[in-house]
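See the structures that follow.
The following pair of complexes shares a single chain, chain A, combined with chain B in the former and chain C in the latter.
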Partner chain A sequence: MAQGTAEPAIELAGVQHSYGTAPVLRGLDLSVQRGEIYALLGGNGAGKSTTLSALLGFIAPSSGSVRVCGIDPVSDPRGARAQMAYVPENVSLYDHLTARENIAYFLALAGHDTGASVIEPALGAVGLDSQAWDRRMSGFSKGMRQKVAIALALARDVPVLLLDEPTSGLDPRAVLEFNGLLDTARERQVAVLMVTHDLVSAVDIADRIGFLTAGRIEEEQQAGEGARFDLNALHDRYAGTGQAI
Partner chain B sequence: MSSVGLIARDEWRALLRNRAGLLASGLLVLLVLVASFTSLERRVAIEADRERYQASVDEQFDQQPDRHPHRMVHYGQFVFRPIAPLAFFDTGVDSYTGNTIFLEGHRQNSANFAEARQSSLLMRFGQLTPAFVLQTLAPLLLIFLGFASISRERERGTLRLMAAQGVAARQVMQGKLLAHGVIALVIGLPAFLVLGGFAATGAASWAAVLPMIGGYAAWLLLWAVLGVILSAVLRRSRDVLAVLIGLWMVGVILLPRALPVAAEARTQLDTNIETEIALHREVAEIGDSHDPDDPYFNDFRQRVLDEYGVESVEDLPVQYAGLVSIEGERLTTGIYADAAERSRAREDAQNALVHDFSLISPLIAIRQLSMTLAGSDLAAHYDFLQQTEAFRYDFVQRLNRMQAELIPGIGGEDPRISAEYWQDIPRFHYQAPSPFDRPSDLIWPAAVLLGWLAALSVLAVWASRRLERNLR
Partner chain C sequence: MSPLRAEARLLLRSGRNLFAVILLLMLTSAAVWSGLVQMDAQRATIERVEREQTRDLAAVEAAQAGPKGEAGYNAYYAFMLTQDPPPALAFAAIGQRDLQPFVLRIRALGLEAQRYDSENYNAELALPGVFDWAFVLIYLAPLVIIALTHDMVTAEREAGRLRLLLSLPGSGLWRRRTGLRYALVLAALALPLITGAIIAGAPVAGTFGIMLAAALYCAFWFGLALLIGAALRASATAAAAMIGCWIVPTLVIPTLGNAAIAGAIPAGKGIDLTLAQREVVHKGWDIPKEETFEPFFVNHPEWRGKEEFEGRFHWKWYYAMHQVGDETVAQDVADYRGALTARDKWTSRLGLILPGVGTMNVMHRLADTDSTAGFAYQDSIAAYHERLRKFYYPYMFNDKAFTRADFAQIPRYTSRVPGGSLPAGSLVALLLAAALFLWLGARKVTRVSSARDSRPKDD
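And now, the complex of A and B:
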């Protein structure tokens, strides 16, 4: 963990945003350092996806500031997105393309090199069977699709990784492999913001866990080795508020 | 490669890997080629028949023996309208208007032997011509290929993923428009090649073929662009498909068929029987040349006697009956011409109403442009009628003059003149009008099509801005 070194790779300060008259983010403060894995937990409607949208520049918050590697994603979305890789929750990608073609296509859209020397190590790193690399994704399971999306994020080789429910749909073995990947990312000084419902997985891999309730971080805890969590108490606390985790 | 190029290339790749899309596109291309071939064959067969029949009736006319010229006025002549070279591509109104007229004295006959009247009921729903395929079926294929172009990306989440790679919604829009614009042109390509090939052989002029290709390209692009825009604006693919199919049904099927009915209700044409009765009534009102007390013909006789400076018709150097025939033909021709003019004015009013709606249904615009350039529009038919009427009048009056001038020198109870006289009468040679003689018939539909494309371009800019806002 390389927390508290220099300028945070991800920083949200006092961010507020509403959809119509319904406030979603109410003064959200959150920062993630390079080499840190931050798990953002919260129930449905807590504002997790809106937080990612703010970082990606898909929405302009009504107040507060958002910075990705020092870049404002609202005023310079292309510049900010060049610093980030994003793995959406429901990864579909293109069924008519192979895993390799999918990664090449999105890398090309991002202006990256699409050579085999970039794609194959990424596909190898996520543990996707090499026989599947050149198969069309129409026959892929959810877990395989997730791996391809993560491979795309790795191939981008950017300082910030945004993951939306990354372990959803993965089998236990794939979750372990995925956690290994995040360890590698941490070693590469990548800042990872992981939005999840999965408290157990978050405790296993994250350096810090933030509990998002009604648009703000209600509680933040250090995780990682040595940290102790009363999972049942956490579950009861957040489930009891109607913000089921 | 730019993001726009990458997005377009992937859209083409998706189409090439989509068996249903490829099959449908292949079938449409096949349909265009089959329609071109059969339509061309039909044109060749009709032209061969026309030439054969024209030669046959000309020969029979020439073989008429020495006769009284008025017998030849009633023997008359059949004339056949040659089919315009590009009418194989778009038969226009040719199938309904008829292409054969019997020319005789005292009356204007209408054109006969329209293909639709000679054929089965199925024919009346439209021939399988390349124009029909491009106008009616190609938009349907473009709808199926393009309706999900952007909505599918949104539904799958790939639109957000693209945006996360730094791609702007504007670039997505441009890429999809480029992809489906090219697809539209590729779908039209076989027809364009057929037209180009026809022009290259000299069978049709490039001056007509190039704007026709341009018009159909605009028509197809219009549907491709509309599909992409609606796909960007509406959230669900099934909604996009429903709206596009609805627009196709109204714009391509319903309006072009309902409008003529509305136009007919607003400006009614007389039936053939009503027209005939009215004409007979008007002709009867002129007077009866056989009635010695008829005021009009008594005046006419007096004017003739004064002109020749004689006291009675028996003293005239020409046959008085021949002069009456000349005068009678002049009068009846005027009555028929006035009636035709009134009828045409009503038809023009009907057509004007239909054409006004081309702003809503650009099919009307492309149909007008196509028919005009193909030489199969209503104006070309009117031009044929005018040329045949001018010829008929000259033909009948020549014979009437022969009667007036030659018969007095022959005498006898059954005076006849030599067959050589009518063998020397010039034959009808149809001069096909140039579509550019009526620039408004081309400029208005072209302006409508370009106006639609311009309006859709503005809409595409708005849709891409809306798409950018809706990425959240």
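And now, the complex of A and C:
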């Protein structure tokens, strides 16, 4: 872990938000430093995806503050979004475009350079077979699609990475490859916030794990220097959020 | 690569979208070609009739005109050509030109017995309708727009891409997507139209006016599609709703509206006027001649005192009989015209609230192929017929011989000057409809990124 003492890349303080009369976030406090991988675990309805929505500027919290690299996503959504890349849970890019064209398309929308010097290293970094780069994505497996989405995030070269259930549906080998990618992101001093149900995956890669229960972080655990989390203890804690592994 | 170029590649690499645009281009091209062919056929018909006319008149002149020639015989046998050549833009919006006569040979006999001759077979032509550029624009282009836009937003949501797209820092996604589709649809409509306009030698202003109306009409449909596509969450539902919106204001309401107008403003048939006029003429054979001359002198007092003749038949009595026939049904003719004009006005009013009808009205007025154009041709025929009567009557009432020199003086019909114009009211209504729905659609799609639309299904 390369957690620093500087201003957090991601910071939510006392965030509250409701959908109609149903409160979802109830005073959420969360921060992620650059070079840190934070796994946010929680059961259905705990507020995980709403947390991502708040960071992306899709919702305006009723109270509290949200900052991405010091930028408020509500008042300056474009500025905040320029600092982060988001990888949704079910990555379904455009089937009638190739992997390379898909990345070029989304990069163009984001106002980034779309040259081969940007796209090819990113595709190479995620380990996608180079023969697949120029194939239409209609024949891609879920794991391959996930790699393309991660490549898009890497190509954007932003300081914050938001991942929504990144290992959902991936086979064990793909999960290991994915964890390797996150290691690379950590080395690049990227702040990673991954929202997941998958405790094992979180334990394998995260520097910190936060348990989100009923819209607030009930407990955080941090991996010791060179040590791993105690999976048994974590399991007991996680089961309390409403979703067992 | 710019966002616009990226969007264009995304759009054109989609087989369905590409097919829709190419299909529209092919339909538009076919419609323009069909319109040009139909108008060429009308011109060819006019030229053929002109050649026949020349031969016929030469034969009548040889047989009837001379030192002992009688004006009545000449007027009886000399069918005079009137024609309404297709205006240059008629190929794009044929309008009433396939229903109303564009060439009519008339004699100095009763006018009302001649000018509705073609009405009985025109009804058959009305059944299949006309396939022209305006038809493709009004009825088919909206379907292509629906195909291109119905899932522009919903497909992104269904595929799970919406949050990813909205998470990007760029702006103007929906504006670019809509704008590109709009540009492609307009290009598919404009390229064949402009080609046809060049071939037909159409005026630039008129062509521009038609494209302006088309641009506004398409903008209305894009606004509506954007509104529905952003408001509904499933592509299939959005497509069904848009098809419903196409059927109701494009097919159902105009049909019901026309039926209501026809029911509220009854108008007889032209052929009834023909029969009524002929009945008066036929009755004239059985009544004392002064009963024909007296009503004739009401409008033509200059010939009073010259009605006497020897024998039982004279051309002046015969033509007076026809003229009285026309004058007897004059009120019926005025009522018939009034009813048709009133129907036309109500159709124009319908166009103020129905963009399809309004666009059609603009097209046909600009191309000078609407009922107004048909009325103008009818009026020019009536004026010409009046000139013919005034030319022949002095020969008949003065018992003057009709020589070859006189034959050469028979008035010839001069085609009316095409009077296409821009109906400002309909165009403004179209502009307002387009602006309103584009605004509503843009407002709705902007809210796609709101909490409701971006709310995760499973938190």
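Here is the rule we use: the second predicted complex is superposed on the first by the 226 of 245 C-alpha atoms of A that agree within 3 Å, B and C clash if a C-alpha of one lies under 4 Å from a C-alpha of the other, contacts with A are read in each partner's own complex, and residues count from 1 in each chain.
Keep this in mind: a residue touches a chain if its C-beta (ideal position, glycine included) is under 8 Å from a C-beta of that chain, and two chains touch if they have at least 3 such contacts.
From a predicted model like this one, the values you see are computed outputs, not experimental measurements.
Undergrad: Assess the superposed three-chain arrangement around chain A: do chain B and chain C clash, or do they fit?
TA: clash
Undergrad: With both complexes overlaid on chain A, does A:Gly210 touch chain B (first), chain C (second), both or neither?
TA: neither
Undergrad: For A:Pro88, select first, second, both or neither according to whether it touches chain B, chain C, the two together, or no partner.
TA: A:Pro88 sits against chain B and chain C alike.
Undergrad: Check whether A:Asn44 is in contact with chain B, with chain C, with both or with neither, and answer first, second, both or neither.
TA: Once the two structures are laid over each other on A, A:Asn44 reaches chain C alone.
Undergrad: Is A:Val24 touching the first partner chain B, the second partner chain C, both, or neither of them?
TA: Touch status of A:Val24: second partner only.
Undergrad: Scan A:Gly35 for contacts with chain B and chain C and give back first, second, both or neither.
TA: Touch status of A:Gly35: no partner.
Undergrad: Using the superposition on chain A described above, determine whether A:Leu56 touches chain B (first), chain C (second), both, or neither.
TA: Touch status of A:Leu56: both partners.
Undergrad: In the superposed model, which partner reaches more residues of chain A, chain B or chain C?
TA: It is C that touches the greater number of chain A residues.
Undergrad: Determine, under the contact definition given at the top, whether A:Gly143 touches first (chain B), second (chain C), both, or neither.
TA: neither
Undergrad: Quick check on my understanding: which residues of chain A belong to both its chain B contact set and its chain C contact set?
TA: Common interface on chain A, chain B vs chain C: 53, 56, 58-59, 78, 81-82, 84-86, 88-94, 96-97, 105-106, 108-111, 149.
Undergrad: Looking at the complex, which residues from chain C come into contact with chain A?
TA: The contact residues of chain C facing chain A are 1-3, 5-7, 9-10, 13-15, 159-161, 163-171, 173, 449-451, 454-456, 458-459.
Undergrad: In their complex, what parts of chain A are in touch with chain C?
TA: 19, 24, 44-50, 52-53, 56, 58-60, 78-79, 81-82, 84-94, 96-97, 101, 104-106, 108-111, 114, 149, 162
Undergrad: In their shared complex, at which residues does chain B touch chain A?
TA: It comes out as residues 1, 3, 6-7, 10, 13-14, 17-18, 156-158, 160-168, 471-472.
Undergrad: So in the complex, the part of chain A that touches chain B is made up of which residues?
TA: 53, 56, 58-59, 77-78, 81-82, 84-86, 88-94, 96-97, 105-111, 136, 149
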